[in-house]
Amino acid sequence: MPTDPVIEVAGVTKTFAGVRALDDVDFTLHRGEIHALVGENGAGKSTLIKVLTGIHAADRGRISRNGRISTIYQEVNLVPLMSVAANLFLGREPRTRFGLVDRARRDAAAAELLSGYGITADVRSPLGTLAVGEQQMVALARAVEADADVVIMDEPTSSLEPREVETLLDVVRKLHEAGIAIIYVSHRMDELYRICDAVTVLRDGRNVHSGPLKDLPRIELVSLMLGRSVTEIRRHGTTAFGEDHHADTRPVLEALDLTSKPRINGVNVSVRPGEVVGLAGLLGSGRTETAKAIIGALPLDHGTVLVAGKPVPHNVKAATRAGISMLAEDRKTEGIIPNLSVRENIVLAALPRLGRFGITSRARQDRIVDAFVKRLRIKVSSPEQKVAELSGGNQQKVLLARWLCTEPRILLLDEPTRGIDVGAKAEVQALIDELAREGLAVLLISSELDELLDGADRLVVLRDGEVAGELEGDRLTREHVLAAIAAEVMDDADSH
Amino acid sequence: MTLVRTKAVQRQGAAVALVLVIAVSWLVFPRFGSLDNLRDLALQGSFLAVIALGMTFVIITGGIDLSVGSLYALGGVLAAWASQYGFLAALALPLLVCGAIGLINGLLIARTNMAPFIVTLASLLFARGLLLAITDEGATTYQIAPDSAFVELGRGTVFGFGYPIFLAAGLCALGGLVLHRTGFGQNVFATGGAEQSAVLMGVPVVRAKIAVYTASGTLAGLAGALTAAYLQSGVTVIGVGTELDAISVVVIGGTLLTGGTGTVLGTVIGVGLIKVIQNVINQIGTLDSNYQSVVSGAFLLVVVVLQRTLRR
Amino acid sequence: MTLTVTRTQWLQDNGVHVAVAALLLFNALFTANFLTVGNFRTQLIQSAPVLIVALGMALVIGTEGVDLSVGAVMALAAAVIPLYLGAGPVVAILMALTAGLAAGALNGFLVAKVGIQPIVATLALLVGGRGLALVIADGQLVQLHDPAFLALGTDDLLGIPISVLIAGALALLVAAVTNRTTFGRQLVAVGGNRRAAALAGLPVDRVLVGVYVICGVLAAISGVLATSRLGASDPADMGLLMELSAITAVVVGGTPLTGGRVRVLGTVMGVVLMQLVRATLIKHNLPDSIAQMIQAAIIVAAVYVARERR
């Protein structure tokens, strides 16, 4: 392996509003290596990337860069309304001899370049008309074309289909062969072990490990990320769900033949009181869409939602009134109202019930809010604190409280533990357990398989918008889920 | 796919409407097609086109410029006052002052993260105040000597078509070229299309914003100067609500107020549509001239509703 | 660091009150005949129409919207009055308010149901509304002679001008609606995060239509009072540039244009501040030109202090 460093970082520290995002971090990237950068959410990965690329200035420490860096982000950072070719060449368009943008040459170059990435779409059409995976590929092509010596990829495969992932990994290998160094941020172990040479693990803003990847066993890597000993992980698993015993009663929620093409097609899900049903599947398999269809936020081609046997009209208001509540995946854009207080965020959905003639009752609000803050152990200085000031875990609890005070019968939870730290995660998981034990029907969506396996009594596996299998009891194992997702026919998984 | 088709409908929708309105007017009103009327129509449209050209750039960056009406009036007054010092002064002073106010707009918007709406609202007031200050609170109307070269700029003709028409056409052609065929134009689209992404892609967003507001102010000043040359005086009471006319024609021309997309050609068609409709209403002698703004408003409404519903 | 944050926050919350207090103090010391009942009367009477419009504007801005049509709606209300004054002042006023309600409903429908940006949706009515008012009035200024109607603009109740009483009562009402009713809290939530509000089962469309209707009706009330005070229906000049004055007052009063917050007291103080600025300049013989430029500077300063930090 070449030893000539393209990026060298020593003792970098970065503080935001009193919180140390990076604490005395050393990091070296050698020419031509593929370096995995891993860590839990909030470990400091994004901050490190931003310091490397110069978007943030470090408070302390030394950074030396011996080459051009180009970054592709998790969310596609291109301009959807501009053409594919314009995006690809924005800022370095080929010119005619009058200094004008040579559109013909640009479009031809773009088409040729993108065919190498498996994209055949018309390069003159707006970027926004392409599938997300294709957009990601355009972003990658753009980054590579910028004559970069270093390419940083922040979760590049998180929104790609398996086929697209393979194309992307091929491209990464080609870059590697061309001598370009790559920093690869991902949570997907398989990918990391397939392509990366070295790994750096960040935890709580510190570099807890740097070294070759292939010498490091997977379980060791996980334990470095989580900061728990290997034996502890073996004993308890990685999540905090307890055992479940749901009552064997009639389903309170029955969703029949939910179809909204092309996202979901004929999905059937039912949940009994006290039961936690998990929705498994890859990103884009229709998990979130199924939940949104149940709550009435996704227009349906056809399909029915029954609550306690009675059909519910297809809109959010009716669904809410029937006792269905949904905790959205994206807390920031679909959950919290940032400028309102914790109290106001909690009572928001229940407001009409908490007053008379449209006049709100502050006393009743305070009583309910106090009760939920205690019960869900929400850490606030006062209920009047702005919700935007809370940590991710506490914001999630506020949202949970918002729904609980509407006294729902059915809770739809979309990635309830995403982006919150490990401790709060365990608390939220224990809370879900507790709520189910009290008789709530819970539909749990998670991309963490362990969370689903530990937390759910039954799993509905989705693939390409259709139900690929239902698993319970003995078949509630990693192997069965993966088999269902991968569409392998297993004798017992197919009989359902 | 739908996006592409919708774009075509938006652009050609306005063009088709323009052709239809012209055809109908030609048939119904005998005077409409007369050379005199067409010349007058084009001349009236040319002043608005110059202002709307700048507005097109601003709106494509996702912004808005409410100050152009005041700057238009201010430009005219400055030109009329400066005409006593010769042609060059009469042309340069309004461009410099209005350009400077546009530059301040741009700096405040791009560098301090203040809303374009409110910044340009303040400069609307400021420019109007400045205008009053240099005209003894609006009591003085500066006259331009009828035989001066500057008046020729506003009143001179080629085949009966006024110079401002050619100037506006030339500027719009140049604007179209800059917008669609230069790196700067690409930056303008990127800024309005997805600002955060544009920053990450290395687009000089701040510079693009400063440039469009400066250009918008300068063009409004130019339109004012041309108007003054045409009217042979710096009329103090014009330009109230002109910013709304400019925004309307840009929107009618298919440029989305949310930014990131739009064409100069669309804006020119928008100017044509509004001016033809106003012209026709004037020809119907029995119709109250107040119907002009009613029809303009209704037309704007129809266009934005159509734009919105077609995009679904 | 924390200190500067709190100081900025304090300035954002209280800047307008400080400015009003400072201006009052300045005038008390340096302006002749300022501390007189007559002067305060005049200032309040002149502020009343702007305040009523600004209250509605504050609600609209709280939903992350804006209503450019308020001046045109005032003109419409003014144009409607003489048509129905023959049937008595009550009927005439009700018809004027109905016009405001219809205008607000149109704006609300365009924003909530069709999904058009508030600036564009209300721009159409701004462009066309005054024209329509002039068409209704045949472009004429009409002198009004109904004594009961004129009393609204000229008479006192308990020694206070009726229009000022109405404006004060409306301010209290709007404050109560914002802070104490379900509708008010839903309005703020819609402005703070529309998607989250929709997913929380809030009637987002109804709230938006409601807000624009309220704004339209308040603009019509303002148009009625201004017409009554003028003693004539003058759709050509009624409420001209009122949208700018109202937006200015709301923004100077500390309500952010980004929505999610409505400051009613701040709006009242914003109106008072802009009125005091104008009065101070006039009383010190500064011309209108300087007054406008100073207003521009105040707007920029207020928004600069209140701007969201990146």
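As written, the chain order gives the labels A, B and C, with residue 1 at the start of each chain.
Here is the rule we go by: contacts are C-beta pairs under 8 Å (C-beta built on N, C-alpha and C of every residue); 3 or more make two chains touch, one makes a residue touch a chain.
This is a predicted model, so every value here is computed, not measured.
Student: Which label fits the chain touch graph of this model best, line, ring, star, complete or other?
Tutor: Per interface graph, the chains form a complete graph.
Student: Among the chains, which is located farthest from chain B on the basis of C-alpha centroids?
Tutor: Result for max centroid distance from chain B is chain A.
Student: If you tally contacting C-beta pairs, which comes out ahead, B-C or A-C? Let me know.
Tutor: Contact tally favours B-C.
Student: Indicate the whole-number Å distance between the mean C-alpha point of chain A and the mean C-alpha point of chain C.
Tutor: 44
Student: Counting in whole Å, what is the centre-to-centre distance of chain B and chain C, each centre being its mean C-alpha position?
Tutor: One centre to the other, that is 29 Å.
Student: Could you check chain B for residues that touch two or more other chains and list them?
Tutor: Expected reply: no residues.
Student: Flag every residue of chain A that touches chain C in the complex, lowest number first.
Tutor: Residues in contact with chain C: 17-18, 295, 297, 316-317, 319-321, 326, 328, 333-340, 344, 348-349, 351-352, 355, 358-360, 402, 406.
Student: Over in the complex, which chain B residues touch chain C? Could you list them?
Tutor: Within the complex, chain B touches chain C at residues 64, 108, 112-115, 117-119, 121-126, 128-133, 137, 240, 244-245, 247-248, 251, 257-258, 288, 290-298, 300-301, 304-305, 308-309.
Student: Would you tell me which residues of chain A are touching chain B in their complex?
Tutor: 71, 73, 76-82, 86, 90-91, 93, 99-101, 103, 125-126, 128-129, 142
Student: Inside the complex, what are the residues of chain B that reach chain A?
Tutor: So the residues of chain B in touch with chain A come to 1, 3-4, 7, 177, 181-183, 185-187, 189-190, 193-194, 196-198, 200-203, 260-261.
Student: Which of the residues in chain C come into contact with chain A in the complex?
Tutor: Residues 1, 180-183, 185-186, 188-189, 192-193, 195-203, 260-261.
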